[in-house]
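What follows is a short report on a single structure.
First chain written, first letter: the chains are A, B, C, D and E, and each begins at residue 1.
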Amino acid sequence: MPETHAQPVPFRGGGFRPVAIRGAGLAVFASLLILTEWGTRSGWISALTLPRPSDVVKTFGELWSTGMLFKHLVPSLTRLVVGASIGVTLGVSTGILIGLFSYVRSGLVPLVAALFPIPKIALLPLFVIWFGIDEGSKYALIAFGTFTPTVVATYGAVDNVDRTLIRMGQSFGMGWFAIVRKIVLPGAMPGILSGLRISLAIGIILLVAAEMLGAEYGIGAYILEAGALYDLERLFAGVVILSALGILVSTVIGAIEKRLLNWRT
Amino acid sequence: MDLRVEGLSHAYDGMAVLDGIDLDIATGRILCLVGPSGCGKSTLLRIIGGLERPVSGQVMQLGTPPEGCLNPLTYVFQDFALLPWRSVAGNVRLGLEAHGLPEARMAEIVSDVLARTNLSDFAEALPKQLSGGMKQRVAIARALAVNPAVMLLDEPLSALDAQTRELLMEDLVSLWTRAPFTAVYVTHNLAEAVRLGHSIAVLSRRPGRIREIVHIDKPLADRIHMDAELESTQEHLWNLMREEARAADAELLNA
Amino acid sequence: QNRKITVGALRFTSHAGSFVAYENGYFTEAGLDLELKFFQAAQPMAVAIASGDVDFGVTAISGGLISLAQKGAVKVIGGALSEEDGIDGQKILASDAAFQAGLTAPSGLDGKTFGMSTAGSSFHYMGSKIAAAEGVSVTFKPLQKVGAIIGALKSGQIDAWSIVPHIAKPLAGSGAVHIIGNVSDYIPNYQVTTVFTSEKNAAGEADLVKSFLGAYSKGVTDYNSAMIDKAGGEDGINAMVDLLHKYVYADQPLEKAAPGIINGTMRLNEGAALNMTSVEDQLSWFQAEGLVDANITMDILVNPSFVETL
Amino acid sequence: MPETHAQPVPFRGGGFRPVAIRGAGLAVFASLLILTEWGTRSGWISALTLPRPSDVVKTFGELWSTGMLFKHLVPSLTRLVVGASIGVTLGVSTGILIGLFSYVRSGLVPLVAALFPIPKIALLPLFVIWFGIDEGSKYALIAFGTFTPTVVATYGAVDNVDRTLIRMGQSFGMGWFAIVRKIVLPGAMPGILSGLRISLAIGIILLVAAEMLGAEYGIGAYILEAGALYDLERLFAGVVILSALGILVSTVIGAIEKRLLNWRT
Amino acid sequence: MDLRVEGLSHAYDGMAVLDGIDLDIATGRILCLVGPSGCGKSTLLRIIGGLERPVSGQVMQLGTPPEGCLNPLTYVFQDFALLPWRSVAGNVRLGLEAHGLPEARMAEIVSDVLARTNLSDFAEALPKQLSGGMKQRVAIARALAVNPAVMLLDEPLSALDAQTRELLMEDLVSLWTRAPFTAVYVTHNLAEAVRLGHSIAVLSRRPGRIREIVHIDKPLADRIHMDAELESTQEHLWNLMREEARAADAELLNA
């Protein structure tokens, strides 16, 4: 008799777990490009508003074939690498000290908080006086820009290192340095690396500001010059390069994370 | 309202997790599911509750839910699943809100169910202020509030310490004694199973199959420590499972 | 061994003196091993002189330059470019929208917006003088970058601007903006740019400054004679354009760059002669506007001992 | 007999848990200021390198007494509030959509990643055309700058909402909207708020860039003018205002967190 | 080497946590500490191990640690405290590295201790690949590697599921039977306490005081299920603690 009322249990689960759909990103990019191309060709996007994507590609091709691409890329990359290395190294060291010592923490955290919202471009004239107009001021600007976010990310990461692990180290009689080297540093690594993503993105953004200062070559200088001449094709070509650089850096960090942090669940 | 699981099999990405499960869940009785880690107990419970679709087989609802039952199949989760931003009363209300009850009726149900679970004093506390045992009591209260036809409990006590577990088992027994409810109770703990189960289904290692269903006739209220019959049932269950549990434990994950 | 010096420059024809002197080897003859350092804007160049990164520079007199002079960092030592009757000078531009609405002469500027890079820039000075001369009041819009000003002008978001001819003419050619007057009508004998160096050089290295100015002046002479006096005829102009193309519009092919270079022709001060009257006028304007300290005197800004003053 | 060898168990714990030391931050600020004041007075810090702190204070006092402070602050704050509101609102909505829908996620995540490293100042000439030189372009610039970090923080926060809570909601028969409103949104709130900290800091930094475009009044415009005139006292006064603004914003968010997230352990 | 806890009291920010604890920890025996939540068991263990300084009283080491003992007082933590970035062997080495042993000696100790805990096959696995039970085995192996005079175990099994707990108890008994070690074993679980303890100290609610010390003479290896003596001891312990456990559970935190 109960069989008469038999019915399957209704399904009410699923969802809320987005999955990657292959090609969707590419499709969005492609359709945006096609739309702009068509719009600029047919005229309802004025030439003042957006450049024609095919012209940007052409400009890019010229950059490539004349070898100017590398002439601009190499100094920019050097500046990024040197400046970010300095900023990140100092930032990580400072962050670890802040994470471990009460005095350093109480003294420096407010200072870092005060430095964070200072726009680096506002300080450009000072940087010239402090570090000269050559590579020095460019390195310094990028180093300064990457320093503060790295500090914040690092001390957050050190704070998040599981204290039981540290107590465990102490319970085995490990020394202070051994604990920092074998427990604190590796434990903070995920946080430091994800902070690095942000720092390096900021570093790339600051390339433009840095190259406001007497740079002849460099992607930032190229963009600035294009902007000054209101040459949208070159402006966009430069922006695309920076954007690609950003994605590249983020991919590289992803790869490093995969290697270094393969222990993460 | 009974439930019947018929020829149920499930797989994740081609990995078989459950294989040909048949089960009857009878009204007013507690069915315990035990089995080694990863054998698919939680998956089975999710499928019974309609939160997951099985690859094959089905779960049938026999008869209609009783009058006043707001949510026929209601879960209690291992990690409590309380909304940390809602007070105890707010968490208990959550299940009621979906059903368009009048405000006064909801307040009445909430205060009634909090009283039944001895939580009245904690109505305004936030989950962060509660011990694990209290949290799980809130989760049980929330489940009781919607007057379920079947309660689905997924290791409700395993996140608690041994003493709290003991206390909550006593609570569950007294709740059931006062007003018998139907439940599927997943656990690793054979002591819990023999304490709370009217019948105990033992699953094999993954893919989970039913190895044996043990029935215990002794009334829940009479099951006390040092009961030779329960002890021997427990011993029997443990002998059924020891090797499988050891093998399941020594399995490499994500390997 | 030649003395190493660094000279700051913008890629404009107004810096042709340095380029020509360098290309023709005048600096080497004067015992100077010269390195050109290029800037995107004049402002950082002044700061670079103050920081000691650059020894000599050529730029317009701006509030920043005067401030740095006040701090004892830089000194104006000569003239570079000045407006001269009969030679195409800086142009006053109006946006197409404003032009259609009747802004066809500077007298119609009342209530209009005027573009500038920053407060205290030469654009600010020019606009202000024009407005004063016409007895009208204009609103200044600081837009930082020349590119931004051009964009704003083309899209009619600002009404007017003034700029060197080689930028003004192509803009007017495109029809998006219109030339409505000449700056030289309002600021006679305007000393547009000056040569400057660090206070340290001006005070302690008189010989160095003299040899630099000497070589630089030779370059200026060559330039003026080829481009303005047209002493070498068409060929002379072409040769000069060829030379300058290395520095100006270097990234465009010569055919495209040449008109720009030729359009940009303005007379450079022979012998780096400095128009003190104009400089003084500019200084007092900056002071009157409250952009720089009122206590600054000409002595602080200029060291007139190296060149002829007008 | 064993009593002869009795000795206390050696202590080997402690440390690695920095505590706040009252006044340390203030002391650092004060000593930096005193050092600069003394350096600039005694002359080993040249007037070109740093302004004298007392002069900066004097400049600040003038700003205050002439009423110019508010003449500059009010437009800047308006720009920040309007721009950041637009950017944050769009960012949170987009982030939630990305966090919930596979297609939106796959389509937009790469786009956001590509937009992130684009330096906003590079786009200034375009913004002039797109949004004019009035308030529009300033709002747009700040909105654009706050948008991307908000999106990233929001979808990360949605991803981090405990899925058991969502399953719980479904198991009680809650509808899609109820789950989003009662579970996803409050659960993502901590992540969204901490993302807001970063977004607003970026917003403040971008004030300077935004006010490059035809702003007469505004802290950014004030700083830019001071930089152009190489007037270090005013430059620093402006920077200090921005820095204070940053600390203020961060304090306000902290207070909101304390109120809204008092349920956090 | 024996340990003696003498008149030990401790407080956090003025809140008394332990009050006048006296205890003797005898070589070669396992002392279990049981007590309700928050009564200060973990604090007591940390003080015994020198990880925390008591407010008053002291812990004395009587006699010298035996030959070859690298770390006299060695912990096993509830949540395993394995370095997730080190393999099983690397984690076991960790405790040895501080002692300047030659490389070969370290490798020898590691492989010996992994063999004793049946972990040899997992030497290169990372913690994330291990089940909870395996992780705790690694933590025990790591503790054994430094040849401790006294092992301090803080609820070593309470993060594990019931079946794995059963398996690990069997492992601990067999490890102890082969080579008796000294241990202080903190637990909530009375079944564990009567299974593993030579003596069981029952603490009161916070501030923890010693209410009773129960001795069980039966050898560990002979303690099996359905042992009436153990059951009655467990019942006795539970009666001592039930009310306190209930009160401790119902306490509001951070209130």
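As a working rule, contacts are C-beta pairs under 8 Å (C-beta built on N, C-alpha and C of every residue); 3 or more make two chains touch, one makes a residue touch a chain.
To keep track of the chains, here are their UniProt names: A, D = NitT/TauT family transport system permease protein; B, E = NitT/TauT family transport system ATP-binding protein.
Keep in mind that what you see is a predicted model, and the values were worked out from it rather than measured.
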item: Chains touching both chain D and chain E; value: A, B
item: Chains most often in contact, by C-beta pairs; value: A-D
item: Inter-centroid spacing, chain E versus chain C (mean Cα positions, whole Å); value: 83
item: Centre-of-Cα separation between chain D and chain C, whole angstrom; value: 40
item: Centre-to-centre distance between chain B and chain A (centres being mean Cα positions), rounded to whole Å; value: 47
item: Multi-chain contact sites of chain E, meaning residues that touch two or more partners; value: 46, 49, 51, 73, 128
item: Touching two or more other chains - residue numbers and ranges from chain A; value: 12-13, 48, 124-125, 129-130, 167, 170-171, 173, 224, 227, 230, 265
item: Shared interface positions of chain C, touching two or more other chains; value: 43, 47, 50-51, 64, 145, 147-148, 151, 155
item: Pairs of chains found to touch, sorted by chain label; value: A-B, A-C, A-D, A-E, B-D, B-E, C-D, D-E
item: Chain E contact footprint on chain D (complex, rising order); value: 2-3, 5-14
item: Residues of chain C defined as touching chain D within the complex; value: 43, 46-47, 50-51, 62-64, 67-68, 71-73, 117-121, 139-145, 147-148, 151-152, 155, 157-158, 291-292
item: Contacting residues of chain E [partner chain D, same complex]; value: 2-4, 46, 48-53, 58-64, 73
item: Touching residues (chain side chain B, partner chain D) in the complex; value: 46, 49, 51, 71, 73-75, 77, 79, 81, 83-86, 94-95, 97-99, 126-128, 146, 152
item: Touching residues on chain A, where the partner in the complex is chain E; value: 162, 164-165, 167-175, 178, 182-183, 186, 189, 261-265
